[in-house]
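The structure appears below as structure tokens.
Letters A, B and C mark the chains as written, and numbering starts fresh at 1 in each.
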Amino acid sequence: MGSEYSPSLRSGLPGLIFILETAFILIFYFCFSYECQSQSEDLTIYPAFQDVSVMVILGFGFLLAFLKRYGFSSTGFNLLIATLGIQWALLMEGFLFSSPSGKVKISLPSVAKATISVTAVLISAGALLGKANPIQLIWMAMVEVAAFSASRWINVQFLKVEEHTSLMHVHIFGTYFGLAASWWLYHSSLSKGVDKKKANPLSELFSMLGTLFLWMFWPSFNSVLIVDVTEKRNAISNTYYAMGVSAVAAFALSALSSRDGKIQMIHIHQATLAGGVALGFSAPFIPYPWIAMILGLLASNIAVLGSRCLEIYLNPVLKIHDTCGIHYTFGLPGLLGAIANVILFIIIKWASLSSLGYPVLIEVGSFMLTTAIGLGAGFITGFFLTFKLWKTLPASKYFDDQAYWEFPHLAHGF
Amino acid sequence: MGSEYSPSLRSGLPGLIFILETAFILIFYFCFSYECQSQSEDLTIYPAFQDVSVMVILGFGFLLAFLKRYGFSSTGFNLLIATLGIQWALLMEGFLFSSPSGKVKISLPSVAKATISVTAVLISAGALLGKANPIQLIWMAMVEVAAFSASRWINVQFLKVEEHTSLMHVHIFGTYFGLAASWWLYHSSLSKGVDKKKANPLSELFSMLGTLFLWMFWPSFNSVLIVDVTEKRNAISNTYYAMGVSAVAAFALSALSSRDGKIQMIHIHQATLAGGVALGFSAPFIPYPWIAMILGLLASNIAVLGSRCLEIYLNPVLKIHDTCGIHYTFGLPGLLGAIANVILFIIIKWASLSSLGYPVLIEVGSFMLTTAIGLGAGFITGFFLTFKLWKTLPASKYFDDQAYWEFPHLAHGF
Amino acid sequence: MGSEYSPSLRSGLPGLIFILETAFILIFYFCFSYECQSQSEDLTIYPAFQDVSVMVILGFGFLLAFLKRYGFSSTGFNLLIATLGIQWALLMEGFLFSSPSGKVKISLPSVAKATISVTAVLISAGALLGKANPIQLIWMAMVEVAAFSASRWINVQFLKVEEHTSLMHVHIFGTYFGLAASWWLYHSSLSKGVDKKKANPLSELFSMLGTLFLWMFWPSFNSVLIVDVTEKRNAISNTYYAMGVSAVAAFALSALSSRDGKIQMIHIHQATLAGGVALGFSAPFIPYPWIAMILGLLASNIAVLGSRCLEIYLNPVLKIHDTCGIHYTFGLPGLLGAIANVILFIIIKWASLSSLGYPVLIEVGSFMLTTAIGLGAGFITGFFLTFKLWKTLPASKYFDDQAYWEFPHLAHGF
């Protein structure tokens, strides 16, 4: 990391994008077609699909826009890896989950599944925010989508996990993949507060905009693929109650955890969303609103406590730098949700099943498997990302739009 | 108001939030459950419900974000009191309007009703913007939701007002509650232009974003709870036409009312929305688009004239400081809508009813009752809010995020 | 253009708006009514209609907000001409396309058509951005909506073009109308880089917000009026794939076309949307996703290459100043889409038709006619707009909000 100039992306980025895009179009040409007869189901899920699309393209993009000199990259590269990742996820999904005869049929639900899968990449990108260049992000997106689809396929095929549940592993997978990858991009200077790393009130307000979009449309995220009407209604309502409680609790916990009772904006962003993450698995099955509310409360607690404690005590020891706190926003609440799901499963099935041991083992094994694949694949990918070939950025150029974007106006007075 | 330090919220805010939230969860535990069989109706209103949710969470939050040093509090506390208020409104709604046998059943329409009810609180918060701390806002939300639900119950139970109409009283109720409460928080320094009180171009642009979201989704607000297809279609269309005209007229009136023909952004924010407010009551019953358009034109006029005249002549006399002009945006257009509704009622029912006196009296009585309860409850609440116990802010700390939010960067250069 | 003061709009703007609005209300009074029996179709298209409304009101408004001192005018005047234009488009639509007996019936689909028609005006306004005052913009909106409706009527009536296709001519029409009109507002000083003309990072971020809203909801724009379920599904999916590819390609092309491999935000804004424009005509008929993807790739190429080459070589020669690059964003991709549509038409109908010459001639003639009417009407309108009567702005006051908006705070530190 000797050079203090940020390397030009001109030789690498366009070539990589064009090769991938040409490959995608060729694969689509040879292997994919629309369903001949469109079910009306396709159009029924369109509004909820749009909600999920808004979350992925706009919500995540602006959620990450809190760094004062990194707004272009946060929103722009989010669009880049989301759109590229969705195409790739469609292909992976098509090959792994379709019947082998003839061309793969794609429909709106398959695009919705691809969009949810790609959330894993966007979460991981949150940990690498400001440190990885677009070439690295694209490689990460390719590997991560493939690994997540494979993990999902193992879950569905061998552990007989339901497809919707397998998709909701996306938060856990994305987090641990991202954390493992960010270990390789760690630099000692990151533990000191770099000025550019900081937010300013305006960039935080843009981030609030993204947070609110995620908050508002999360019930669609947790319910878009559910077909049964009652389960869908429950998923929407439970997610809504859980997020309501976690938004409220975020303010209390943030004020409580600071010395002078002041609230930190970053806690609000993290903890309000934790409720929705925690509900991912169990939203359609929770029979009473109060259970969802308690889960939301716990998730919010975990997010704020994690942000206060882990960031100071654990991260420097493990040499992890998690730019936007994905561990507290998505990882820990996701684990909480997985555990809650197992407990709920035990309670609900208690009477009806003769032996609980085996199904519970499967449930637990399923999310531990996902975590393990995420950590492993992330670790390997992180190593791969450090190759000089990808025009890695020197640490002094981290968190700065000027490494990638042309500014006609030199004075960069955000 | 001697101390020049803003008191720490650490002892008050978390406690209050946790007590309320625990109480809510317990009440949900003992008294609430989902409908056993989900009607498909639930899912049919989901897109429109989302629109209303966007208005309440994002629209109001950013509409209020026009103060240059108060963006965090505007958007953040809006989220806080909206989510807390919706839970409380669900409870009030459940107890007052449900049949007494067994547990209260909640569904998506009941959440929609709660979301609309909570608009009253957000409107009142507009008058107190920058002057009330989160503890005061939470207390206000609790009292106001209860008072509004009670007022609605009286209207529905005794005056036989339709439920949808009773909900549309929300603008009038919120405005007069807020104005009465703000009388108690008046401080002589507020009449002078405080620098922090001012907007800057960027904060106004965020406010424009909120305004546009409110503008675009207002047809959903006026129609979400209507079941009859033709009435629903009319409510959507009429609201749309009225808001179109009031947006156009806002530009003309603003240019006309300034000396050099320049347009004020604040007029655009206020007057474009006035059309939607004025249509609240009568949107489903107006048979021709031109009537809606004339109402929109009148509402826009009232909003701009009110803003120009009342703010200078009336408010200082009454010792009211209405930070974001809710009186002109929601109050007066709401009254216009109520009066128009009565006139329309007389015209439509002229032939079919033998005696008009009594029903008209009921219509008039209904919105006068709402106004009276709003003013009374607001006045009492305002007095209650001045207690030192709630860590009231000294007037010198008004309109400043730094009283509540931690800024890692001290230079607050919005 | 001697005076260096920006003329007051007080005498002109309010009068013009009130005369138009009064005329509109009177025409609505005499000639328009709602459909007596509401079809449920009306409510079915409501969510997609809302998407289109968000694109027109919020998407275009913020897309144009990239000039650092012109954010109020970009978003505000966009709202003004959109709302005024939609009313006028409803009237034109009603008179030209309705059966002559009795009052014209309006429904939600007719409002959707009017909203799509008005896009032409918003595109043209992009070319004049910062140079035309609201009076000029309103006149332009009136003439352009009338001309576009007439052009559409000729296409539908004589060339037997389908109504949906005729509406999708809106991009081509708007572009060439706007370019022709902007020829008259050209000033030699515009070719030099004026400081005020520049963007700054924050205004670009607002523009990114608008771009993302346009990107996300474009599938609704291309499908809202289609009734057939399979065609609607195809239109949504094809548009989505095309825009995905053009977003990805935009990054590659922008990095490739700059010397040091840096990406220009303006390219991202323009090229990501090009895919949706190119799909306008053929979205419902494209049978395979890869065709849509290739079209998206080509459109993105054209947008970036156009932006790099035409702006430097062609525009100064033709004395055209195209503030926000509508020629590359909407015009050229629209032409590409029209040509692709003809080719697709030939391929699909090859076998089934005995003679292809005549239908192909009609298809080609139809979009050439639209272009010609657009250029002609724009040229005449541009001349008309230069009249001193409309309080034209001196070129030194271009690109500045202060010409129209009252700033309570003089220091305009965006």
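Definition applied: a residue touches a chain if its C-beta (ideal position, glycine included) is under 8 Å from a C-beta of that chain, and two chains touch if they have at least 3 such contacts.
This is a predicted model, so every value here is computed, not measured.
Asks: Line, ring, star, complete or other: which describes how these chains touch one another?
Replies: complete
Asks: Looking at chain A with chain B, do both copies bring the same residues to the contact (over half shared) or different ones?
Replies: Both copies touch with mostly different residues.
Asks: How many Å are there between the centre of chain A and the centre of chain B, using C-alpha atoms for each centre?
Replies: The mean C-alpha positions of chain A and chain B differ by 35 Å.
Asks: Among the residues of chain A, which ones contact at least 2 other chains?
Replies: 47, 202, 209
Asks: Which of the residues in chain C come into contact with chain A in the complex?
Replies: 47-48, 51, 193, 198-202, 204-205, 208-209, 212-213, 215-217, 220, 229-230, 232-234, 236-237, 240-241, 243-245, 247-249, 251-253, 255-256, 258-265, 268, 272, 287-290, 293-294, 297
Asks: For chain C, which residues are in contact with chain B within the complex?
Replies: Residues 8-11, 13-14, 17-18, 21, 24-26, 28-29, 32-34, 37-38, 40, 42-43, 46-47, 50, 53-54, 57-58, 61-62, 65, 71-72, 75-76, 79-80, 83-84, 86-87, 106-108, 111, 134, 202, 206, 209, 401, 404-409, 412-414 of chain C touch chain B in their complex.
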